[in-house]
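One structure follows; several queries about it will come next.
Just so it is clear, A, B, C, D, E, F, G, H, I, J, K and L label the chains in written order, and each chain counts residues from 1 on its own.
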Amino acid sequence: MSTGKTQIVHILGGPNLGRLGSRKPEIYGFTTWAEVSELCQGWAADLDLELVFDQTDGEGELVRMIHRAGDGAAGLILNAAAYTHTSVAVRDAVEAVSIPVIELHLTNPDAREPFRRQNLLADVVTAGIRGFGVQGYLMALEGLASMLTPAED
Amino acid sequence: MSTGKTQIVHILGGPNLGRLGSRKPEIYGFTTWAEVSELCQGWAADLDLELVFDQTDGEGELVRMIHRAGDGAAGLILNAAAYTHTSVAVRDAVEAVSIPVIELHLTNPDAREPFRRQNLLADVVTAGIRGFGVQGYLMALEGLASMLTPAED
Amino acid sequence: MSTGKTQIVHILGGPNLGRLGSRKPEIYGFTTWAEVSELCQGWAADLDLELVFDQTDGEGELVRMIHRAGDGAAGLILNAAAYTHTSVAVRDAVEAVSIPVIELHLTNPDAREPFRRQNLLADVVTAGIRGFGVQGYLMALEGLASMLTPAED
Amino acid sequence: MSTGKTQIVHILGGPNLGRLGSRKPEIYGFTTWAEVSELCQGWAADLDLELVFDQTDGEGELVRMIHRAGDGAAGLILNAAAYTHTSVAVRDAVEAVSIPVIELHLTNPDAREPFRRQNLLADVVTAGIRGFGVQGYLMALEGLASMLTPAED
Amino acid sequence: MSTGKTQIVHILGGPNLGRLGSRKPEIYGFTTWAEVSELCQGWAADLDLELVFDQTDGEGELVRMIHRAGDGAAGLILNAAAYTHTSVAVRDAVEAVSIPVIELHLTNPDAREPFRRQNLLADVVTAGIRGFGVQGYLMALEGLASMLTPAED
Amino acid sequence: MSTGKTQIVHILGGPNLGRLGSRKPEIYGFTTWAEVSELCQGWAADLDLELVFDQTDGEGELVRMIHRAGDGAAGLILNAAAYTHTSVAVRDAVEAVSIPVIELHLTNPDAREPFRRQNLLADVVTAGIRGFGVQGYLMALEGLASMLTPAED
Amino acid sequence: MSTGKTQIVHILGGPNLGRLGSRKPEIYGFTTWAEVSELCQGWAADLDLELVFDQTDGEGELVRMIHRAGDGAAGLILNAAAYTHTSVAVRDAVEAVSIPVIELHLTNPDAREPFRRQNLLADVVTAGIRGFGVQGYLMALEGLASMLTPAED
Amino acid sequence: MSTGKTQIVHILGGPNLGRLGSRKPEIYGFTTWAEVSELCQGWAADLDLELVFDQTDGEGELVRMIHRAGDGAAGLILNAAAYTHTSVAVRDAVEAVSIPVIELHLTNPDAREPFRRQNLLADVVTAGIRGFGVQGYLMALEGLASMLTPAED
Amino acid sequence: MSTGKTQIVHILGGPNLGRLGSRKPEIYGFTTWAEVSELCQGWAADLDLELVFDQTDGEGELVRMIHRAGDGAAGLILNAAAYTHTSVAVRDAVEAVSIPVIELHLTNPDAREPFRRQNLLADVVTAGIRGFGVQGYLMALEGLASMLTPAED
Amino acid sequence: MSTGKTQIVHILGGPNLGRLGSRKPEIYGFTTWAEVSELCQGWAADLDLELVFDQTDGEGELVRMIHRAGDGAAGLILNAAAYTHTSVAVRDAVEAVSIPVIELHLTNPDAREPFRRQNLLADVVTAGIRGFGVQGYLMALEGLASMLTPAED
Amino acid sequence: MSTGKTQIVHILGGPNLGRLGSRKPEIYGFTTWAEVSELCQGWAADLDLELVFDQTDGEGELVRMIHRAGDGAAGLILNAAAYTHTSVAVRDAVEAVSIPVIELHLTNPDAREPFRRQNLLADVVTAGIRGFGVQGYLMALEGLASMLTPAED
Amino acid sequence: MSTGKTQIVHILGGPNLGRLGSRKPEIYGFTTWAEVSELCQGWAADLDLELVFDQTDGEGELVRMIHRAGDGAAGLILNAAAYTHTSVAVRDAVEAVSIPVIELHLTNPDAREPFRRQNLLADVVTAGIRGFGVQGYLMALEGLASMLTPAED
């Protein structure tokens, strides 16, 4: 399942994701964000994808990161964390880019507090993966790769 | 990514999915349900999984199919279609089984009519995949396989 | 007001309609469902329409009946009864067929309990008739006939 | 389907209906209000009904027209247009008359903006017809005629 | 309870009140609007008040009548009927006048349909009387008279 | 406007009314509850009514006072104050008595905080008076007297 | 507490009840549905009642079972499970029968998820029992027996 | 169905229940509260239960009665009447006792006004019985007795 | 900023605007409607626009004025006042015309009562200006002029 | 932090607080209400405050206690418990006194059931303390003392 | 229309505005943010205004920019973009400055997604302009200039 | 009330707090943020606490500050200002730290605009203080100190 030629994919994380591994491990697991980055770099390499992997706690900074993805990448995997539920700005940024955007959540937000059921991104992203933990990043990379590859490839 | 020994997985489809390929192809694509079945059989074989693939338009029948999955399968991939939004009975059946359940949608329901934002399954399933079309079934099978396999396998 | 050539029309009834005549006659009248069928057969014949007349209490069965109407009929008159207010599956089936669908109610649901004001079909059907009792079936057949007939016929 | 003796029926139209034919023809069609009047006069004559056909843009004027219908007519076909969704005064007027009132809409309001789902008349009228275009007026006249005629007539 | 010098009071009625006595007499009683007018003229004379008594079915006309009351009267008794529940225009007119305004209802609107519980006037009028039938007009005239009269008078 | 023979009327006040005159005089005026009692005794005597005048801060006690009014009085004037907005128990008590009940408020509750727009009594009382201050008690006594008196008396 | 002559009672169960004993035993207990049936047969015999005991996962099938109870039984004990919260069709069927219907729940649905607080049956059944576990069936049978027996019997 | 040794049970009634028999007998029946007390005393004796039977119109007093039941009784049957729908204090008291609490209503509150659908007790009581009239007290005593008795007794 | 050739623009005012200058001057200012008319005539002349300036308190009359603007004008500046918040009829009329419509408010309605936040016109007008007082009319005329003028003009 | 001269402070507790120490100790702790009283007496003495410490389960009695505090005290610390969420009467009493009122909760109500998020006191009290357990009473006394003391004292 | 002496005006843009011209040009047009800046500089110079023109994607940064405008500018034109709908922080900053603030939107947000109808700024700004595209900046500058200039200037 | 050994406490302020003293002094008082810092430093020293005192207008920056507090501090006093009402990110950060967090507001937010009643932090903080002005910081420090100190200290 190779894409034939190297394409750039961005993986972006939102607020508090940098604390992964130490924040509520009974919910989010013990893998740290640095380890996720390393795993994704390996998986991307296997899929002949070039990976930009980044994280921020700031809403405006996340908007700018999405702009940059829109300028240079072939696809975006976005875990906007808390901004999923509150940010029209991030939504506007996602709408402004013309590449496929995969919404990813480590856990299943709908199984948590009611306010996490409000999702401002779900209707503007291309597709979504939730509840597979870190494994979800591999699935998202594969799913994105298959979107980027012509069927006959 | 083999599971080491053959485990049974059920893939169940809800109402109107039998019409796939002819119903609103601009939304759901031109692949028929029979073709999805065939594709999944192949993918399952590659993953050393034994596959039970079924569909029904009836709420009660879907409840019974989930009961049967709970009795014999190691995992369930469920596209409950319209019942996702209206059926407490299907939800109760999902809660009653003790195997992992992956909720799958071919399209992104949140990008459609507002009433599709009510989801009675999202908080009782293990994980979810949406918007990848038929490709999502392969991803769900792989994700389920990785859940069923010990990491060291 | 003849259709010129024989076209097939389906008339489908939803749950509890089979009890017509004995259920709440002060609301629904004393005509039985069998008598409605007979009346409709006569009216259809007068309009040179071939009629398939059926009823079911099951949501899944009603979905399948609508599929069958979509496969062979030129038009559908649908009294989905209680499923009008609760069934996304029936709505999806109506949306999946490409023939005109007339929504019919013997009584005026808006003049009854508040939950009957939720209507999941009203925005996907072609037209609607309510409150004319059994006479409404004749009106629906005539209205459908006039939709199926070119004006110059 | 003759009523046996001549009875008076009023057909009343609410705001903006006078612009029919020029306002949003892709929704409302190209027939003008004057042409609808002419068609209805012909249909009424065929049914041995005497027809009063009127229209107004004013809420108070529509209330008065309904009063007049209640004083002299045997039945009323009312297309209250926008006032359907906002006018308690028109509703009160409909409730104040003791003749059958048929609510008519050229299009299907439920398939349009959400605020058109609020309907202040639906639970006080006798019956309703929607989505049949101008043909609906013929159906309403026939339906009203059959209400006014004893079955054995 | 005389006001000492003659002051002008307006009594204004909204839509459908002209039908009083014939509309739903089991709710509104058998007294006609003309008889109410006569009774009020007598009561006003007893209180040394000069009375302007008027009614309209039109929202705009009612607005203009309130303007006129604001220009020349010492107080206003307003039964806005249906416009009580829907008209921001009437509310704005009431807010624009600087005389005391008594809101009057023959029946108790809160004991009727739920939409009559929305009241756009209740928080801008000076006082209110409801449910006393025609007798309420006498009470309103007396209450208004006592507001207009210095206590020592 | 005499009742012809002496009938008993109860005037009951709810929580905080005993503080009248000292609580928020800019809203409720400077008349004390004792002075209201004295005024009402005088007005009742003028109308040949025997008056029971009482007040309590307790919900249960108010319920019992309404029971007692229902047992012996010909009519009840009730200013339930805060319990107007929260007490189903007081509502049930009002519904349980078969005498006319006038709801009275010194001020206009709708012109105050939004939660005062919830009124659990308005649809079970006979009539209502609001916003006339202490003068409202005289009006309520007169209105009640006219209800108790046969018209020809 | 005998009914004097043998009367037929139906006990009907809705979706997922067939799994009783294995589904969430910490909530529903370890008694299986077959054991409930046996217990009820014994209790009914003690009360001289003839018992029809049935269960289905299907909404339409439950509607038909209620029709059959309405045709031949003297009373119905209905545990509609999930359909309690979603089915207008089951509600319509309950309204269509003229025998007393007891709504029964093994647990207390109000102590569970918020959506179980929506109950479409509660206002059309005769009486209800909840939270007594299997013992509730005995209580319902006794309560029903006492409704069916004249007091002097 | 004897409990083997005498245990104390409290039956408590809320506001307006003391008027039973005279308040709305078409809804609540003609049996008085004193008669209910007598009936319950007899039924309790048959079940070898010692009964404390009490009623109050006051919210605070009902809270204290529940405290006392919690101190000395083995179980509580509570008909909180109107406080069922409004009292967090009564709810807190119920939560504070560690004995089983049966919620009882003579009628079916869900079949009455919409505000009676708000129930602040339903999710903290052990079980509930509604709509069986006075007979419900016997059923509640028996249900409670069976909870208090070891199965092998 | 001249339009090159004379085009007709309508400025229409809704209910109570005729009272401008006397109604709530602390909110709306002391300029009268006649003075606004004069100012606008001057500004329009400076922009080589021919101005029709009108006002009405009636909903139906405003609908008709909008129809007339749609027939002859190149643009419309509409201050629908209270009808902004309640009139579907005015909205329908705005939608029916094919010229640019500028919504104008002298004050900022969102800074006033909550019900003024409901705006039935905002999503069908071309553009909006609010809170600039009478100066807003000049701005609207200039903005409209720039819409009507080709950029190269 | 002495107040310089002895001032009276009232500490009032609402329903169920008298059970402190035995009711849900895992939430409210094991300190009894009598012990809280003793602790507060000591703390008040240290701050040169004279303390009135009282509790009631009754809404009306709590209203009266607040009246008494308003008459003689310099400040009030109020833990209205359940009445915080349901009582307009207590709110009216708080508004009626002109002394500073501190709202105190032992736990954090917002971290409990959703209905505890409705708070009828929060916008009329001077300040609030929640979640500090019994320690909160000391903090409230100190905070109140600092409000009562001139800064230069 | 000169202000007589040079005053400073700030024009601030919120998230995603920096992408103007490339983001959704069919909605926002093809003019870039840099070009808007240039146009505004020219228009400001014509009006003898000194212009500070800035943009940020960050909520906190926008708050700080508003603070700076409040410190040195005579007026502010604010296009807060997405933060219009979600940011209490930006609202608080607008409330904290004492200069006139004009809210500007290039398009008409009310004609877009429903969540854009929530506007946290509309009731704290001085005035608003929407839907005029880039031309709106000129209008806002002129409107602001007229606010800053004494009428006699 | 000394903690025995020096522990670190963070005090963090959210958006617009840096403007304290100049922003709406009639609400927030005239003390500047720098003065608050100084006061807190003194109070902390008295309590043998080491204080980190910081403020930011940025949501992401506040998230990072809370992370840092969680890494090194024994407790956190958080005045998140506007982010209290809108930020899931700040809430997630608070949930991610395992130290006690005191929510502090200078004023009483519930006494201000309705949207300030939405509080995303209240159910995840340990305790709260509101409405004591700057004095509240001293109280929070003392309350936190008592939480950090063993009772026997």
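To be clear about the criterion, a residue touches a chain if its C-beta (ideal position, glycine included) is under 8 Å from a C-beta of that chain, and two chains touch if they have at least 3 such contacts.
Quick caveat: nothing in here was measured; it's all calculated off a predicted structure.
K.L.:
Suppose you hop from subunit B to any chain it touches, then on again the same way; how many hops at least until you reach subunit G?
P.N.:
1
K.L.:
Could you check if the interface between copies subunit J and subunit L is built from the same residues on both sides, meaning over half shared, or from different ones?
P.N.:
Counting which numbers both chains contribute, over half are shared, so the two copies meet through the same residues.
K.L.:
If you average the CA atoms of subunit C and of subunit E, how far apart do the two points sit, in angstrom?
P.N.:
Chain centres of subunit C and subunit E, defined by C-alpha means, are spaced 49 Å apart.
K.L.:
What whole-Å value do you get for the distance between subunit C and subunit G if each is reduced to the mean of its CA atoms?
P.N.:
Going by mean C-alpha positions, subunit C sits 33 Å from subunit G.
K.L.:
I'd like to verify one number: the distance from the centre of subunit E to the centre of subunit F, where each centre is the average of its C-alpha atoms, in whole angstrom.
P.N.:
23
K.L.:
Return the residues of subunit L touching two or more other chains; collapse runs of consecutive numbers into ranges.
P.N.:
Residues 58-61, 86 of subunit L each touch two or more of the other chains.
K.L.:
Once the touch criterion is applied, which pairs of chains come out as touching?
P.N.:
A-B, A-K, A-L, B-C, B-G, C-D, C-G, D-E, D-I, E-F, E-I, F-H, F-J, G-H, H-J, I-K, J-L, K-L
K.L.:
Under the definition above, what is the set of subunit I residues touching subunit E in their complex?
P.N.:
Against subunit E, the touching part of subunit I is residues 14-16, 18-19, 22-24, 56-61, 81-83, 85-86, 115-116.
K.L.:
Using the touch definition up top, name the residues of subunit D that touch subunit C in the complex.
P.N.:
Checking each residue of subunit D against subunit C gives 108, 110-111, 119, 122-132, 135-136, 139, 142-143, 146-147.
K.L.:
Okay, in this complex, where on subunit B does subunit G touch?
P.N.:
58-61, 63-64, 67, 86-89, 91-93, 95-96, 120
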